[in-house]
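Both of the next two complexes hold subunit A, though its partner changes from subunit B to subunit C.
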Partner chain A sequence: MSKTNWELTEADKDRYSRQMRFGAIATPGQTRLKNARVLLCGCGALGTVLANTLVRAGVGFIRLVDRDFVETSNLQRQVLFDEEDAAQGVPKSVAGAKKLNQINSLVTVEPVVAHIDRGNILELAKDVDLILDGTDNFEIRYLINDAAIKLGIPWVHGGCIGSHGQFMTILPGDTPCLRCVFEAAPGPGEAGTCDTAGVLGMTINIIASYQATEAIKILTGKLEAVNRDLVYLDCWENTFRKIKIAPLKGKVDCPCCTHNRFEWLDGEQGAQTTSLCGRNAVQIAHAKPIKLDFELLTKNLAHLGNVSSTRFLLRFSAEDCDFTVFPDGRAIIKGTDEPDRAMALYARFIGH
Partner chain B sequence: MSVRVQIPTPLRPSAGDQAIVEVTATKVGDALNHLIEIHPAMGGKLFDNGKLRRFVNIYVNDEDIRYLDMLDTAIKDGDEVAIIPAVAGG
Partner chain C sequence: MDLMTIYLDNAATTWPKPESVYQAMDKFARESMANPGRSGHSMAKASEKVLEDARVALNRLFEGASPDRWAFTLNCTDALNMAIKGVLNDGDHVITTDLEHNSVNRPIRSLELSGRITVTKIASDEGGTLDPQEIAKAFTPKTKLVVVTHASNVLGTVQPVEEIARITRESGALILVDAAQTAGLLPISLDKTPIDLLAFPGHKALMGPTGTGALYIGPRVTIRPWREGGTGGDSKTETQPTDYPYFLEGGTPNIMGISGLLAGIKWVTQQGIEKIHQHENSLAKKLSEAIANLPGIRMLGHQDWSKKVATVSFTIEGLEPYEMGNILDSSFAIAIRPGLHCAPHIHGAQSTFPDGAVRASLGPFNTEEDIDALIGALKEVLGE
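Right, the complex of A and B next:
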């Protein structure tokens, strides 16, 4: 799907010389990386490591999408951010893109501040060669899976909790898809989350580095080197498990890749609220984005005495919860992990 | 037949905080039943109305039972049964 045909410059050859000496990449591989386009979903823990690695490796274009803003508790593992980003509450994709431009000005990073949903994912993905999972929940991963299968774009999944994590590569039409392997995601409270089990920066770096390696193989056209297994590892317990999933292809009756039923894309599955991993917070998003008038909202909430806003977000506190509201009507309500309570608070203070 | 069942971190509180439980069985289903006999709290984690819960994957020696014989998959001495739920965070 690459639309460009750029050759390597002398600056490229100098910068990427060590990587190009690696025989499987060399000049043809590096040239392909320069012309490659990637959609990176999420610029948090996995996302910042992925972006950092791919930008340094010379991937020509990365669209960096994240709905969130930087907080101090991110700094333990989200490698592109610093204390100033947290103090200013900068959107993650904006802070990430700024740092990435300082790291490598020869590549293009396009920051997008948005919640990825069924209304925008096809547009975000339509002109890329690869999609990377830097997200923290299965709701969005099934949506990515739908989009990737529908558009025929490879994607690399990764997930982490505590000291363990997993990754797998999905090549549409070739390997099983995410839904073949995980027919359903655990509901709230049914498995560990970053809330209950925490997460180590080391786990994130390991899983994201494997994902990035898979990405480089795909983007350089080395599909024979792609890992066809589901890998599950625990860096604290020193376990590394390669699970054979290839025989699942065609064996399980997959709604997505066998029957082309895209239930997340079509809105048959997917919620309006999402519990945010490790944050004691709920996000509320509208199926169709609205346009919030921050000036009016600030006025309406003035009695609370704690409203502040930038052009990216508006914040206030009420009922022992901290609200962060975005111009598209999306809100993150911190201080509760109950979607219903969050919905009620949203309706009470923001409306719609 | 003595087989080892690997318990994933999030389910260990329901299995006496153990990472590995030794059970005796010749089929995967029997191995899980024996596990539940030893640690009854695992029952609700693995099964819903007698059916394996959809987000729980079971592997025998790193092969998925869905392309083997599901719960009837034969196991022998020394085999390893792993229970692996999807890892959500990131």
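Right, the complex of A and C next:
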């Protein structure tokens, strides 16, 4: 995908000298990194660690996409931001790009303030060599998977919650894709989210570092070094598990990478949002209805202290918004008229 | 749409459609979906004939002056815009009402805000009916147009349009009737009632598909086309040909949709609009009576079913309309329409702004079982 053919300058050679002394990278690898282009989806916890690592490592171009604004509660784990960013409420991708430019002015960081959806992901991904998952929800991960398989671009999935996390590398045509391994996303309310179950900064750093390592392997062309397992680790419980997924390739009847049915890109899966006219509210509904476990969701949201439910609906408040959730997964979020914000809040508190 | 869904949103669009409507569109699409033309090849002529047949059918049903006076539109909004923007001139005065849909409110309000017209808005009474005498009092020497709905899309209340049309005719102004909720359901005679402009969708009580509508332009009306282009006929003139209906129909029409509308009109005529209206209203009356006394329910508009179409709107204490709509959809597979129904002024008048109301609206294919399901669901939810 890279169209450039830049050579390393003296400034490059000086800056990256320690990395270049690592035999698997050396001059050819560093040159490839200089000409490499990466789409980084999300500039939050995983995203800031990934961006920080890759910019320092000399990846020539990073497109950094996030729709959120920096808040104080981000600072515990989102390494590119400081108190001033939070006080000013700067968009994460903009604050991140500014900091990254100070870290390494030899590379290009393109900030994009946007929610990633099926309307923009192909455009965001069309000119990159690699996609990195710095998101916090499954909906966008399946969308990334669709786009990556469709465009033939490798991507590295990563996800964290509490003290555990997982990562997985997808090389289209070579390894199983996300849907080969996880046919369906955990239902909303089933998996917990960072807002309901919390997350440790250490977990983030470990998983993002593994993702970044995979990224460097792919971008330097060392595909033989790529980790082909699904890796799951818990830094509190001291567990590290490698799940062999390579045999799944071609064995599972994958709608995405076997049949080229891109259900998230085509809108057959995923959520739809509707702004409710004049109500400062957004309704979210799933293209395919799901079954929400109110009991589990009530437990997950108990810390908010304001959850009430009947057989037909569940209500709670968070982030100055009132949520009404229905058994088939749909929700009305009052207090915002921005569909993107509503989707982000849904992902944070209900899941997906 | 899940076939198990109990569909009670017929005021938005009727569903399902008669089998003959599906078949007509399928046949047309396969056999003769050419671009219509009056002097073209045989498929073009067949396509043109669908348009002519539909105009003749509409003219018969509504007893208009001539089939040529019916211009096909995208929907009722398109027809209303065509009328309002095509008829009004700078300095004109318009009389309208608080019952209107935004397809009337918005074009009129934007002309008013740009300083081009003045507007008087007549309030309906508590039950949701207009007093023609209030309209009579609003005329000024500059009154060019009266725009009134035939039946409220929120309350279902039928308005005395015959009387209002007569008063308007006496004043010399024009009247535009929005028949979105009534065309195909209530008898409308353009021969007996002096209506100058009649706008309606093809996809509601006339049982056609979405994407169809029409505007009747009476002989007293001078109108400007708001869409100009090819007409399949006279290509020599530099501007839009002035012969009706082509004057108002630039561009390829939705002929496939109109083939469905034609089948819909035939079906409605065969069934008898009176019979359909009675069927729907008997269900609506039953629904209204069964839920009016449930705890926390407030019915909107009068409940005299001899002066309504089959629309039942209500609010529920402690549950917002959107919440009730989602409960009915997610737990009971019942489709109703919550909210403001694009008619904010009447919700304001009924003190249901901005939350709106729950609206159940019936169609010819609804049954007693459908109504019982909604009644049962409401009882179950309110019993919690």
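Following the convention adopted for this analysis, the second predicted complex is superposed on the first by the 273 of 352 C-alpha atoms of A that agree within 3 Å, B and C clash if a C-alpha of one lies under 4 Å from a C-alpha of the other, contacts with A are read in each partner's own complex, and residues count from 1 in each chain.
As a working rule, a contact is a pair of C-beta atoms (placed from the backbone, for glycine too) under 8 Å apart; a residue touches a chain by one contact, two chains touch by 3 or more.
Bear in mind that the values here come from a model prediction, so they are computed numbers and not experimental data.
Novice: After lining up the shared chain so the two structures overlap, which partner does A:Q283 touch, if you call subunit B first and subunit C second: first, second, both or neither?
Specialist: A:Q283: touches subunit C, not subunit B.
Novice: Now for A:G42: first (subunit B), second (subunit C), both, or neither, which partner does it touch?
Specialist: A:G42: touches subunit B, not subunit C.
Novice: Just subunit B (first), just subunit C (second), both, or neither: which does A:I332 touch?
Specialist: Touch partner of A:I332: subunit C, not subunit B.
Novice: One more residue to check, A:F294. First (subunit B), second (subunit C), both or neither?
Specialist: neither
Novice: Which partner chains sit in contact with A:G158 here, subunit B, subunit C, both or neither? Use first/second/both/neither.
Specialist: In the superposition, A:G158 touches subunit B alone.
Novice: Looking only at subunit A, is it subunit B or subunit C that touches more of its residues?
Specialist: More residues of subunit A are touched by B.
Novice: Return the residues of subunit A at which the contacts from subunit B and from subunit C coincide.
Specialist: Shared contact residues on subunit A (touching subunit B in one complex, subunit C in the other): 277-278.
Novice: How about subunit C: which of its residues touch subunit A in the complex?
Specialist: Listed in rising order, the residues of subunit C that touch subunit A are 322-323, 326-327, 330-331, 339-340, 344, 354-355, 381, 384.
Novice: Along subunit A, where are the residues that touch subunit C in the complex?
Specialist: 276-279, 281, 283, 289, 310-313, 324, 326-328, 330, 332
Novice: Tell me, which parts of subunit A touch subunit B in their complex?
Specialist: 42, 44-46, 133-138, 158-162, 164-166, 181-187, 190-194, 197, 199, 204, 207, 232, 234, 237, 241-245, 247-248, 251-252, 277-278
Novice: Which residues, counting only subunit B, touch subunit A once they are in their complex?
Specialist: 8-10, 19, 45, 53-55, 57, 59, 62-64, 66-67, 82, 84-90
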